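Heads up, the next two complexes both have chain A, just with different partners, chain B and then chain C.
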Partner chain A sequence: MQIDLANLEDFIRGSAFLGTGGGGDPYVGMLMLKQVLNDGMQVTLIDPADFDDEKTAINILTMGAPTVINEKIPSGPANVRALRAAEKELGYAVDAIMPVEAGGINASIPLVVGALTGLPVIDADGMGRAFPELQMTTYNVAGLSSNPNVMADDKDSVALITTVKNIDAERFCRDICVRMGGIGQMACYPLTGKQIKDHAVLNTITLAVEIGQSIRIAREDHDDVVSALLRFLESEHVGRVAKVLFDGKVTDLLRETKGGFSIGRVILDSLAGDGAQLEVVFQNEYLTALKDSTPVAMVPDLICIVDRETSEPITTENLKYGQRVKVVGVSVPEIMRSPQALATFGPAGFGLDVDYRPIELLGA
Partner chain B sequence: MAKVQNIRIGVDVGGTNTDAILMQGSSVRVAIKAPTSEDIGSGVVAAVKAVMDEAGAHAKDIRQVMIGTTQFTNAFIERKHLVPVAVIRIALPATSSILPFTDWPDAFSETVGKNIFLVHGGNEFDGRVITELREEEIVAVAAKINDLGIKAIAITSIFSAIDASMEERAGEIVQRECPGAKITLSNELGRLGLIERENATIMNASLSTFVEEVVGGFRTALKQLKIDAPLFVSQNDGTLMSEKYVGRYPVLTFASGPTNSMRGAANLTAKEQAIVIDIGGTTTDVGVLSNGFPRESSIPVDIGGVRTNFRMPDILSIGLGGGSLIRQGEGGEITVGPDSVGFRLTKDALVFGGDILTATDIVVAAGHCKLGDRELVAHLERDFVARAEDKIHDMIESAVDRMKTSKDAAPVILVGGGSILVSRDLNGASEVIIPENFGVANAIGAAIAQVGGEVDRIFSYAETGRDEAIKLAKKEAEDACIDAGANTETLKVVDVEEIPLSYLPGGAVRLRVKVVGELQEALSV
Partner chain C sequence: MQIDLANLEDFIRGSAFLGTGGGGDPYVGMLMLKQVLNDGMQVTLIDPADFDDEKTAINILTMGAPTVINEKIPSGPANVRALRAAEKELGYAVDAIMPVEAGGINASIPLVVGALTGLPVIDADGMGRAFPELQMTTYNVAGLSSNPNVMADDKDSVALITTVKNIDAERFCRDICVRMGGIGQMACYPLTGKQIKDHAVLNTITLAVEIGQSIRIAREDHDDVVSALLRFLESEHVGRVAKVLFDGKVTDLLRETKGGFSIGRVILDSLAGDGAQLEVVFQNEYLTALKDSTPVAMVPDLICIVDRETSEPITTENLKYGQRVKVVGVSVPEIMRSPQALATFGPAGFGLDVDYRPIELLGA
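Showing the complex of A and B:
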């Protein structure tokens, strides 16, 4: 699989879906990719299965506030500087780079850096979706260190952070990010091929492209777009459990900012006229869905709100009263459901007082 | 005839008709429709002359002329009358990963070109300087622009919504080095979001020659009628721009059509909070009046395939109008539109002797409206007509529900020629009002427009304190409103929006404040 101008929009729509309501504006990522692809540069993807155990890769991302990202565009060249500084600290040149998250703008950033450096991009990530913080990765769950954490800005400043705990790296980097103007280009979590195969969420870039493709093709064929998407996610090839959790319209919306997060809840009324209600709680991303007060899906399983006709993913910022939507729940791979994983980015990781239950065991 | 003095004339230049109304105080004295002319000017002359004649008004009694026009929108979408633009972005070393025009349709490169100049400078979200502006760099760019012979220049600096000084300084230098050039600065147009704001700035610059022709044309038209009253053009948010201002910022008129119709509806009904449904021949536009002004869209909008983020009303358009085609599927289900016979309604619809079943035929068959020959639809089964009516009302009710912001029933105002499609109470509506003169709501909206001022930037609540920040923002918006020609006594804050920025500490909050006021001239007479 290649990412090129032909499948760019599919990839962006798919990464917005995997963003589960958050992850930053994928439009900015799309334009960055468009620019490098228009300039004739190429993005080479590698299947993690084809990446030797001894080879090395490092994760590439932008840290920042969405509003800033839309004004002070993430810098590809600064990201390359962060990568080179990390290599210097490591004492070796990496063989590849990879995304830390599969949802939102950070799915695109490593592809831009791959195009600029010629380094291949591994088709895998550390979140299988979007999460708000750097320690919320399957790598961290496996006990792998994010060191060295390197952050660069546009002005050739490079910060190197070494911490004992990954969660401290998140805290320090966030502060430096603000000093750098609310956005910083990062390299962190160096991994070997073996570690990637064992501890990353595999083939998620391809998954994003294929999600976008299935939405586009169903639209072109005038199929029921959401059903087509579910069929694709449940196919043997993907092997997820996917279901429509609710078909309704937005009737109430509460949103506030606490501790740097966009926190809130959205209430949906059923369109079937049965009086049912769904409540979706979000903290940047959609975290839990409760139907008539009973949980029907919870983080880390994906909760995606899409337009009920077009299946266009809807971010938390773009929720509006009256929207007709379908709420889709999708299971995540087992690697994201171990007790340690759930402690890191399950309900407990977000301070929610609810025991995780997988989506396939919950009714909807 | 009573003496007609202190009058205002509102003109709406549409694709088909040029509407003109003559207002005295808050009442509409005369309203007429005339065909829009190829050259625009003669149609405006004809329409304005007609209302003056009918009202017995003299040119010297006219205090203001307000014009609403979609010419600039159409010119941009059709890529006509556009001039090449030199784009200066003050941001290096930042932002080079998305160059100007990255997402523009290729067709624009033939007219607008791809003349891009990135220079050093710009600010951070909290106002800190990224790099200082290098004046010699601007001078060198200006020389290149002169060599290219380009006369329209778009200047965008990063975070200029927070600090516009670099943009302004660069503008001064370019103006000095490129005499006669028309310069657009991004901070006067758009909001946060570099690409969208820069796009709006380029769009505006590309129209800088055409706007002179159009405004000059309006002025000539008025001169022919011996009117020398100030000329205003209405903009997207329902406020007015002076003749001079529109010459600098034509893009601010891009969505003034739906805005004027909503503002007109507000004026005709004296409602400040309501849903406005404008039903035409092909589409129905639904918008929301909040404090008498259209609610604005918070998401970027595409114009001619170019994404922008300037002030636009939040409008939901559905494919339903008087000319919408009615069909019955094999399972008996009825569909309405989205295709329409449009302006051929009076030829193609059944009641006018045509052979196409339209929404208008259904209304006539149901006996809610006398139009054409009802005998020609007598063959339609009563049950079919009833179900088609249900479908039409369902579509409108669903659109109303989508635009509402709460479950509470809201007043609904119906305007536009297609209003006859509504024959009963609407779900979700506390009342349905069809005002007199509903056909010329656009021209009325233009005539009653006020002037406005707005501020949209990031404040630190931790540093400034919330109350002080809001006070500062209000003051800035009020000053902008007074600059635009408002009488100080009449200023009114119509919108305060606080958007806390996630991931940024120190209580960084984006504040948007909008203030409107009556025109100074309107009160002095």
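Showing the complex of A and C:
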């Protein structure tokens, strides 16, 4: 699998779906990627299975509230500065880079940086979706350090944070991000090939392209697009549980930018005329879905809101009154459901007072 | 001049005076210094004139609101970690360290770090007094960069900040300081011997010891202590203008900890029975003194509040209702009064809407 102008839109749509409402508007990522590809630069993807155990890679991302990222576009060159500062601190040049999350704009940013630097990009990530905080990774769950955490802005400021606990790095970096204007370009979580194979969520760039393909082909074939997408996700190739949690209309929306996050909730009224309501709570990403106050899906399982006709993913900052949507729930791989994983990015990781139950055991 | 157990208290009292109310309670600095000296460690002072032009030194300090520093004691070892991280970033080991300010606890901290590391301490500083912000230095006025700005805490977190403008470093570091619990141990402003000779305020550690001596000897001789101190400051050896701005009683005090600073104002009622009032505004340090709404002294000139009998300096966080005090004004060296210097740490540097007038031209 390679990313080029031919499959770029599939990739962007798929990563928007995996973004579960967060990770920034993928349209911005598409524009950035289109520019480097149109300029003749190339992105080289590597399957993690082909990446030597001793080689090294570092994670590349943009930190910031999606609301801000749409106005203050991420800077590829600032990301390269963060990468170089991390290499200086590490004392070696990395062999590759990779996305820390599979969803939203942070799926695209490492590809842009790969094109700018010529470094290959590993087809794997540390979240299998998008999460709002830096410590919410399978690497953190495995006890790996995010040090050095480097953040750069477009005014040539660079911050290098070293902490004992990854959650402290998140807190320092979030403050710096706010000071940088609500967005910062980061490099963190240096990993060996062995660590990636053992602890990353594998082949998620490929998965994003395939999700986008499945939506595009269903549209071309005039199929029911959401049903086609669910069939693909439940296929043996992907192996997820996927279902429509709700079919409704946006009737209420609360969204604020607070402490560097987009925080809020959206209320949907059922289109079936049965008076049912769905409430979806978000912190950058959709965290929990409650149907008439009963949970029907919760993190880390994916909650995705899509246009009910075209299955176009809708991010939290693009939610609008009156939209007719389907809310889709998708199970995550087992590596993301261990007790340690759930403590890190399950409901408890978000301070939510609810015990995790997998989506396949919940009604909808 | 060397600092040892014999002149420690003189030095502490003198640096409290130069602290102009800020820089943290010097008592904390005395305890820290006493401990390392009692443990048999030594502090070696160097006259800047004896420091080779090509040699290098870095400034060592504690950042934080004085109110916090009195409860959460600075950590010498964290300062050493900051120093080592700065050396790693610079790519060389420094030959010496130095205080960034002559007043308050930040006069003592570099001596503690000198004792812990064996590095000599240069008898000079970048403020000639205490100021609340990192860019308020004669080095910044001279166009020298504070990079790398390293801050460490007692939980083994380290932040390394690189910026184009020193004022941006102040802002990032202040946020990090707040996140570290309101106090952080720093290394910044690496300088050559030449730069120190050209741009530092020279021999201010010696000045602090001599101010303390002058107060102690006057007390022993049962002289009028404040008058003796003014005579010393106006002597040919020191060459300052010094005067009593007000003799009064604390009748009103507003003090809050905000954005990592102690901010407020104190009102004094005259003891002469003439109904006069003095208002002193502070941000960690005393910034302006207004007698019946007319300025009688302003930054960068020193405004010091001392006990009217013993001339013991009173810091902003030790101000209390009913204290009988004298407010002393002292002129600063010409290097601190250039137009660039006044823009950086004169009234304009603090956002105060008043044109600087030297203390010798103002009434009292």
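As a working rule, the second predicted complex is superposed on the first by the 344 of 364 C-alpha atoms of A that agree within 3 Å, B and C clash if a C-alpha of one lies under 4 Å from a C-alpha of the other, contacts with A are read in each partner's own complex, and residues count from 1 in each chain.
Note that in this section a residue touches a chain if its C-beta (ideal position, glycine included) is under 8 Å from a C-beta of that chain, and two chains touch if they have at least 3 such contacts.
In this text, all values refer to a predicted model and were calculated from it rather than measured experimentally.
Shared-chain residue A:D168: touches chain C; no touch with chain B.
In the superposition on chain A, A:P74 contacts chain B only, with no contact to chain C. When the shared chain is aligned, chain B comes close enough to touch A:P66, but chain C does not.
Judged by the touch definition given at the top, the superposed model places A:I176 against chain C, while chain B stays out of reach. Judged by the touch definition given at the top, the superposed model places A:P339 against neither chain B nor chain C.
In the superposed pair of complexes, A:A159 makes contact with chain C only, with no contact to chain B. Set against each other, chain B and chain C touch different numbers of residues in chain A, with B touching more.
Residue contacts after overlaying the shared chain place A:G118 against neither chain B nor chain C.
Shared interface residues of chain A, touching chain B in one complex and chain C in the other, are 155-156, 178.
Residues 91, 93-99, 102-103, 122, 124-126, 128, 130-131, 158-159, 192-196, 299, 307, 401-407, 458, 500-505, 510 of chain B touch chain A in their complex.
Partner chain A is touched in their complex by these residues of chain C: 85, 155-164, 168, 171-172, 175-176, 178-179. Within the complex formed with chain B, the chain A residues making contact are 27-28, 31-32, 34-35, 38, 64-68, 70-77, 112, 154-156, 174, 177-178, 181-182, 249, 251, 256-257, 260-262, 284, 318, 321-324.
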